[in-house]
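Common to both upcoming complexes is subunit A, partnered first by subunit B, then by subunit C.
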Partner chain A sequence: MSTANMTRAERRQARRIRRFDNPWLNPKLIWGAGLLLSIIFIGIVGRFIWDLDLVFTGSSPLKLPPLGFENLRGQLGVMAHPIGTDGGGRDMLAMIIIGAPNTLFVGLLASLIGMSIGIFLGFSAGFLGGRIDDTIRVSADVMITIPPLLILVVFQSAFGDVTLTMMALLIAGFVWQSPTRLIRAQVLSMKQSGYVQMAQLSGASTTHIMFREMMPNLVPYLFGSFIASVTTSIVTAVGLEVLGLGPQRIPTLGRTIYEAINAGALIQNLWWWWGIPTLLLGVIFIGLLLINLGLDEVSNPRLRRLS
Partner chain B sequence: MLDDVTTDKPVLTLKDLSIEFPTPAGVVQAVKALSLDIHKGRRVGFIGESGSGKTTTALAVMQMLAEPGRVSGGTIDLGGTNIIELSEEEMRQARLSRVAYIPQGAMNSLNPVMRVEPQMWDGIIAHEGHLERGELKRRSDAALASVGLPLHTADLYPHELSGGMKQRVCIAMGIILNPELIIADEPTSALDVVTQRQVMQTLKAIQTDIGSGLMLIGHDMGLMAQTVDELAVLKDGELVEHGTVQQILQAPAHSYTKDLISSVPLVGGESFLNPDARAEAPKRASSEPLLRFENVRKDYGSVTALHPMSFTLHGDTPQIISIVGQSGSGKSTMGSIMLGFNPPSEGRVLFEGQDVTGMNAAQSLDFRKNVQAVFQDPYACFNPFYRVNHALKFPYKQFGLATSEAATQRAMEEACEAVGLDPDLVLQRYPHQLSGGQRQRLIVARALMLSPKLLIADEPVSMVDASLRASILSNIYDLKDKYGISILYITHDLATAYHVSDYVMVLFKGHVVEAGPPKEVIGAPQHPYTKLLIDSIPWPDLERSWGDGRTDWDPTKLEAEAARAEAVYRGAVPGFDLTKETPHG
Partner chain C sequence: MGRIPRDYLINRIVTLVLTVLIAATIIWIIPRLSPVDPAEIALGRMAAGAGSVANSEEILAQLRANMGIDQPLFIQYLKYISGALVFDFGLSTAAFPTPVSKLILNALPWTMGLMILSLLITFFIGNLLGALMVWDRSPKLVKVAIPAAMVFTSIPPILSGLLLMWIFAAKLQWFPLTGAYSIFVEPGWTWEFVTSVLHHGFLPALSIVVVTFGFWALGMRGLMITVQGEDYVKLAEAKGLRPRYILYRYMIRNAILPQITAFALKIGLLIAGQVLVERIFAYNGMGKLLYDAILNQDFPVIQGVSYVIILITALSVFLVDLLYPFIDPRIRHEANA
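Now for the complex of A and B:
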């Protein structure tokens, strides 16, 4: 049947079936990825078309509102600063262009490192067993019970000013434990499975069994776990920044919120100062959530519905 | 035709029942225009392979079809009530009180954190409201007594019961409200033959007692013949034959029914194999025996799964050695010890004179190449990530057998053809696109390609549809007959062991209780345990009194007797020496 003589309802049905057959055409996944990519897009394109020197204090008039709004002093928003300026005369748009990708970067890097540690420890624990397993399992359990923010506050205060990478490294020390437990459990159950025994009978080496037989089947779990830990990492990073810790000279969304609160932006009704970074954080979290839900449907066909 | 047997009004009437499952690939007709009556006091068997629609029919009667399945036509009439028109609440009232369902994995249907008694009370309370404790107790005790369980079972948790006891508890729960119809969905498929016989006896006795109709779903023609009055044969959702069990067994009309009957191997019956080639074993470089057990013993905690055992398999003439026993007899433990997956607690396993547990890399690769296995579960043996040819190609390359890509491809195709598979059709598929039988054949093809010296087949056909068992077993037999591979066949099925093997060892609680050529051990058993096992196998033979509800048949007592009896060792076969165990007990 050609597309031309199909009714609207038939076309919609065909689209649903295509979506069912190719799970990656999942609307949640596409929307979530779209939201995150738009943040990265702002960061990249902004660097070419906007003057980034405007992030420095005093480069512009103070507390200007976004275009079409008026601040308490009766000043109108201007084209030169389309989403306003903060209490130190820094351009909000320039801060977003640099800050939003920075926040995402800390989350991704911390979670990448955390996942790598998790995969390594999870496989070691599940595969080798015995005392190695006991050690890894107990330390992961202990780490799960410790609230990360508490320790990080102490660490960061001791370090003083840190770089973004350094902060990501510190956070990574607190996001490896859940992937470790998850992968260990999966490896333990897979180790008993028929195809792993078959691979052993085929004379496969341990590395072959780990990476060629088990790993491909773990990919959906790894993806899901990765996205979840990106969320945790960003929450932790923003938490630290809002407390005034973390990088002191590099704009991030959390740091902007900290400065807004510190300068009394809430009382002075400078809503754009704290509101816009909060909105962007919301977009990031919703994007991550949608990706996670979408991945769930990809890896678990039972959640996919025809209608 | 059947009405002269009983004049009662049927308890269940299915009329033109059709059930469909809408899927992305189109609507699947699971049951097509099925019409059937079940009369009061009659036992009707539904037999067919997996996917033939028998469980779907039962679930439709219970109004418990899984989404998105739906009844697309016809009526289900339960003693005058049209079930399809009942509301959810009315259906809830009807379940258990009018139609009881005993599910396949009854052992998993019990709540693990509740004692047996309150679980039995739940059903009464849900239908009759809160009754006096004394009344509830009286009724649950009566139900337990009727399935032959001691009354103290009521105070136990499910994990404290054996599989057979759990299944009997489920039967007691099913009949507690005296339903008009009992539906039993493969109630014994997870049980040993001995327990199966006991559970089926219980079910028959109690069904006769309360006079309800019984719908027994299964795939085992032997079990059906020994249990039911009428038989309904289903294939691809269609009722292909229906009649009394005598009619169907003596004069099956449909070719599929004939296949089902002939696929049940009988002890002493005609062989389904055609031994013709009698190949020699491959020449071996080593003069040491192929496999040797030296006082091998295995303990799991304080439980001894395998008592010290010694045997030598020379491997100069190919042999099929069967190890038979119930679950828990230690037969699978033996298999995993031989494969080196499970180190023995005591003693040594020698492969060509080399201890299996202490091998260097090169020896280990040689051992792996020469000792291969076929496992029970053909669904788990393929990595879902790869196409099925990965399972054949990878070991072939790993053992250095592959000279070129084209040679590997040719070897794979030849192996597939040897086991009756079309290589173009299967090799490029993913495992989930193949049936259980096709996958198990591929595993046999894999063993053939690698041409090991020893193959360990651990229950290779117990999860395959009945009609395919004989042909897969003859594929395995051909490995010995045509390619000279020695095989250790581990099974609970004495009838297949009888046909396939050259030597049989009967394992009971980790001891060899009887050993010898199959014609003697299984054909004329001497040890009480072997006799018990053979008595428990259901055959499609109507003359035999198997599960007639006699209560004097007590497997517990017979097993206790068997534990005291001396092991019986009979004739030997060349190339296999079993060292006699010192008497135990």
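Now for the complex of A and C:
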């Protein structure tokens, strides 16, 4: 039967069946990745076509609205600043081109480090057992209850300005515990499973079992855990920035929101000042959620029939 | 419903004590590593008020003695830990000489009230919607609308807060922009005060509710799927019980229990999110206290607020861990759980 003479319902059915062949090609995963890539795309292409010097204070007129809007002083948006300027005379577009990738960068770097620590500790705890397992398990349990934001608030208010990388490193110290617990639990249950015991019986080395037998089965979990920690990291970073901490001189989306709130942008109806960074953060978080839901479908086939 | 085995209890208590102790220690160590001297900040504040300060060296020494930072570190640490046990964090440096514990005590009821209220609402709505997503008799609209609405639940409450604040407070002016109660009413158990508090609390609570119910709904959806095919549900259907009765009494009741443990994992993030909501709404809670303390470099307050919030988090996790087996008799405590 060709696609042409199928009813709509049949075609949808066919598409759904095809999707079962490769769970990695589900629409949630694709949409989520697309949203995140579009943020990265803005950051890369923007650097070539836009004048980034406009990000400095006083480089543009103050509080200009986006194109097609009028601000309270009756000024209209101009082509030179298509999405407006903020109260310090900075061009919003230049700020976003630099700030949005910065925000993603902090999230990705922090969780990359956190995940690496988590994989290492999780495997160690699950495989070695005994004292090492106890130590790792208790420290993960202890650290998982401590909200990272509060410790980092203490840290940054004591030390003042930090760089983006430094902030990512600090956050990384708080996103290793969930992956550690997850991987430990998975390793413990896999150790009992038939194929791992078979591999052990046939004399496979520990590294072979870890990386060739167990790792492939862990991949969807690892990805899911990675995306979850990217979300946590970005939430924490934005939280710090909104409290006025975090990098002081580098544009980030959270810092822009902080300045907008402090300048009373809500009352002055300067919606583009806080609204545009809020929207972009929303896109980032929705993208991450969609990826996570997509990955859930990969690792838990029972969810697939519902979507 | 069995008794809690001693090993398990000891395990949980050790974790609780370790958590609080480690957090308190980290909070104490960090400012000591910093080059910033709190006595100099206090002196700077005096100088800013008076123009110039005579005998600044003597005053600095006296300030250091008052703050106890001229003593050896080990003694300082012991004093700090024993103080933290009874919630004594010294005096605020910005609102000198108010004790930090008094500032926290004033802010805590606001934070707890807002938190418990929004938590109860999200738990109820989230679980109900999550269950309806799986239930095969729920209207088609529910199955389409909820997943669409859930997309927005990945957003931290601060962003939803900004959006709601702009629409309902700045544009429509239905709700006040900031504060926890109107400055024109006297605090007390009067009708005016209570309505003012509810009026001011609505937007902060709503901004937390709209972005957190999805977490519970997602979890509930996963749990309902596992319950759906169970034999006891089939039996109930075969007996001809009403579908709605089966949904509430058979499916939700069994699926909802593990959700309570999810709460233990989520509470840290919830509190952190709420601190930020309080900051943007200038709500009289711990968030505003913390933000003001950061602005004024008021370290005792920053330490105290962080410590109390971490303590609340650790205690809630501890309680959930202990109470859970009583709620769900299927779970047996295991010593190595």
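Throughout what follows, the second predicted complex is superposed on the first by the 292 of 307 C-alpha atoms of A that agree within 3 Å, B and C clash if a C-alpha of one lies under 4 Å from a C-alpha of the other, contacts with A are read in each partner's own complex, and residues count from 1 in each chain.
One rule holds for everything that comes next: a residue touches a chain if its C-beta (ideal position, glycine included) is under 8 Å from a C-beta of that chain, and two chains touch if they have at least 3 such contacts.
Quick caveat: nothing in here was measured; it's all calculated off a predicted structure.
Asks: In the overlay, answer first, second, both or neither for which of subunit B and subunit C A:Ile146 touches.
Replies: Touch partner of A:Ile146: subunit C, not subunit B.
Asks: So, A:Leu290: does it touch subunit B (first), subunit C (second), both, or neither?
Replies: Once the two structures are laid over each other on A, A:Leu290 reaches subunit C alone.
Asks: Return first, second, both or neither, reflecting whether A:Asn217 touches subunit B, subunit C, both chains, or no partner chain.
Replies: A:Asn217 sits against subunit B, while subunit C stays out of touch.
Asks: On the A-aligned overlay, A:Thr135 touches which partner chain: subunit B = first, subunit C = second, or both, or neither?
Replies: In the superposition, A:Thr135 contacts neither subunit B nor subunit C.
Asks: Let me test your reading of the model: by the given contact rule, A:Gln248 touches which partner, first (subunit B), second (subunit C), both or neither?
Replies: Touch status of A:Gln248: no partner.
Asks: One more residue to check, A:Ser116. First (subunit B), second (subunit C), both or neither?
Replies: In the superposition, A:Ser116 touches no partner, neither subunit B nor subunit C.
Asks: Name the contact category of A:Gln197: first (subunit B only), second (subunit C only), both, or neither.
Replies: After superposing on A, A:Gln197 lies in contact with subunit B but is clear of subunit C.
Asks: Once the shared chain is lined up, is A:Thr57 touching subunit B (first), subunit C (second), both, or neither of them?
Replies: neither
Asks: Per the overlay, which chain contacts more subunit A residues, subunit B or subunit C?
Replies: After superposing on chain A, more of subunit A is contacted by C.
Asks: Classify the contacts of A:Thr163 with the two partner chains as first (subunit B alone), second (subunit C alone), both, or neither.
Replies: Touch partners of A:Thr163: none, neither subunit B nor subunit C.
Asks: Per the definitions at the top, what is the overlap between the subunit A residues touching subunit B and those touching subunit C?
Replies: Touching subunit B in the first complex and subunit C in the second, residues 306 of subunit A appear in both lists.
Asks: With touch defined as at the start, can you tell me which subunit C residues reach subunit A in the complex?
Replies: So the residues of subunit C touching subunit A come out as 14-15, 18-19, 22-23, 26-27, 30-31, 33-34, 36, 133-134, 151-156, 158-159, 162-163, 165-166, 169-170, 177, 221-222, 225, 265, 268-269, 271-273, 275-276, 279-280, 290-291, 293-295, 297, 299, 302-303, 305-306, 309-310, 313-314, 317.
Asks: Flag every residue of subunit A that touches subunit C in the complex, lowest number first.
Replies: Listed in rising order, the residues of subunit A that touch subunit C are 138, 141-142, 144-151, 153-155, 157-160, 231-232, 235-236, 238-239, 242-245, 257, 261, 266-267, 269, 271, 274-275, 278, 281-282, 285-286, 288-290, 300, 302-303, 306.
Asks: How about subunit A: which of its residues touch subunit B in the complex?
Replies: 17, 20-21, 193-195, 197-204, 213, 216-217, 306
Asks: How about subunit B: which of its residues touch subunit A in the complex?
Replies: Result: residues 22, 24, 68, 339, 341, 364-365, 368-369, 372-373, 375, 377, 379-386, 391, 394-395, 398-399, 443 of subunit B touch subunit A.
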